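Below are two complexes that have subunit A in common, paired first with subunit B and then with subunit C.
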Partner chain A sequence: MINAKNIVYHELIGLPINVYKFNNNYLNKTGTVIDETKNTLKVEIVGDDGNVSEKVFPKKVSVFQFKLPNEEFVEIEGKILLIRPEDRIKKRYKKI
Partner chain B sequence: MYLDLNIKGNNYDSDLILAKEANHWGWNHISFNYKNNNYYNASAYLDQIKKNFTNKDFTNKNFTNKDFTIDLRCEISNNNCNQIQKNIRNFRPKTKCLSVLGGDSKVNRVACENIKIDILSRPYFKRKDCGINHVLAKEASENNVAIELCFKDILNSYLSYRAKLLMYFRDIINLYRKFEFPLILSSGASSIYDIRNPIDLTYFFKDIGLKDDEVLNSISNTPLNILKFNENRDNLILKGVKKIEGFNET
Partner chain C sequence: MSRGKKPKWMIDIAKERMNILFSRAEKEFDDYPERSHRYVQIARKLSTKYNTKIPRNWNRRFCKNCFKFLSYGSNSTVRLVNEKVNIKCVECGHVMKIPYYKEKKNRRRTKNESIKKRNDE
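After this line comes the complex of A and B, so read on.
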């Protein structure tokens, strides 16, 4: 089960996301993750007028906030996700 | 806002006198520095010292800061690296500020490489160089470990030893400019005669070669960031991952 402790090893596609910061500026674009590559996340965003658009955000300069199925919210710096999604399970992260 | 994270703590009476003196000279926050062996004893009487600052005797003075805060800092001093790792695991959840006393080259390296440590204190201690090189400086900036320079070392030394210490300080400042690790300036006072006005301290370090904004960062912003970061440490899961309460709206 996906939770705050194992989210960096887990699949991100399908999770509700808020792109909180972009290039150190506040952005706050909310949507759903629909695709992931080594350097980018593709997000489906529904506008105020109901139009659906897809936007690609680079991981390196962004801060993402995810809503998990167990109603937890997690904030992740995009820098630590800079790896192919299938290889992310192998990576070792520093515990604070 | 001026913060001194290194005032040497001994017992209840001397701590109270030092806190009064620091408050009188315009410091906004002080942390009593206790070795890991005595840390638990000190935390028992910290609340009593805090209560004493609500008395009218202190708040009537002209120089007193009414928003004066006191805290404890745990300093690990050991030459055995494995023992240091054990102490870090033991004391990290119990204190807001964790530091390691430097000096030995292996200890300096362990402290700079460990992300759980906040401060590497006096890396030049009992050495014939500054204790930090380009490798350690890079590690310190990656792991956000602050390097501390102590004013007491200059105050209580004489002649050639003092000149060498000034040279070590300049070496550390040069590395700080290149690698941008956090730098902290503190008094290290163990008696009331070692406590100086924060403005005196800033002018001394300006003479050594620091610029205005660098001194201000290292005497107020960097210590404040360390304390704020450690308040939210429970919500941090990994480096760069933390729990929040909801999507932020700004």
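After this line comes the complex of A and C, so read on.
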């Protein structure tokens, strides 16, 4: 199961997300993760009037908050995730 | 990381991720079929990178020729022909043929054993 310790190795697609910071500015946009590549995350956002839109956020300059299935919030800097999604399991991180 | 067999905790996480991706693909197929085809692509990459099989209940749910997600009844058909399960992908026309003689053999064996038991008593 996904928890706060192994979220860096685990699957991000399907998790509720809040894009907390973008280019050093506060930008609170909530949605769910649809797709992931080496440098970007694609997020589906439902607006106040019910319109559904897809937005692409670069990982390099943003800070994300993920909501886990056990209703915990985890904040992760995008710089840590700069790697292909299938290679994320075997990368060694210095401190988590 | 060296080649060959990976440590157990890595393989466990890879299996969990494949399960998540396929269940997500089944959920999103009706509205966004391109997303579910993309999830199959990512799951196949995980399986080849960590030398693990795709979980057994999801192994028949994608085409072995064009690697698209198959939803029975909408973009694929299932028929029993010549003692084989024929799964046809409507998108590319490829037919997967899976024999089921082992299941038939097992069923026959259990039936014979039960008859023998009854006769002995």
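Note that the second predicted complex is superposed on the first by the 95 of 96 C-alpha atoms of A that agree within 3 Å, B and C clash if a C-alpha of one lies under 4 Å from a C-alpha of the other, contacts with A are read in each partner's own complex, and residues count from 1 in each chain.
Here, a residue touches a chain if its C-beta (ideal position, glycine included) is under 8 Å from a C-beta of that chain, and two chains touch if they have at least 3 such contacts.
This is a predicted model, so every value here is computed, not measured.
Annotation for the three-chain superposition on subunit A: subunit B and subunit C fit side by side. In the superposed pair of complexes, A:I34 makes contact with subunit C only, with no contact to subunit B. In the superposition on chain A, A:I80 makes contact with subunit B only, not with subunit C.
Of the two partner chains, neither subunit B nor subunit C is touched by A:V61. Using the contact criterion defined above for the overlaid structures, shared-chain residue A:I13 touches subunit C, although it does not reach subunit B. In the superposed model, A:Y93 makes contact with subunit B only, not with subunit C.
Of the two partner chains placed around the shared chain by superposition, neither subunit B nor subunit C is touched by A:V46.
In the superposition on chain A, contact is made by A:E72 with subunit B only, not with subunit C. In the superposed pair of complexes, A:A4 makes contact with subunit B only, with no contact to subunit C. Comparing subunit B with subunit C, the partner in contact with more residues of subunit A is B. Taken over all C-alpha pairs, subunit B and subunit C come no nearer than 18 Å in the superposed arrangement. On subunit A, the patch touched by subunit B and the patch touched by subunit C do not overlap at any residue. Residues of subunit A that touch subunit C in their complex: 1, 6, 9-11, 13-14, 34-36, 85-87, 89-90. On subunit B, the positions that touch subunit A within their shared complex are 115-116, 233, 236-250.
Of all residues in subunit A, only 4-5, 7-8, 18, 20, 26, 28, 30, 65, 67, 72-77, 79-80, 93-96 touch subunit B in the complex they form.
For subunit C in complex with subunit A, the residues that touch the partner chain are 1, 6, 10, 13-14, 16-17, 20-21, 24, 35, 38-39, 42, 45-46, 49-50.
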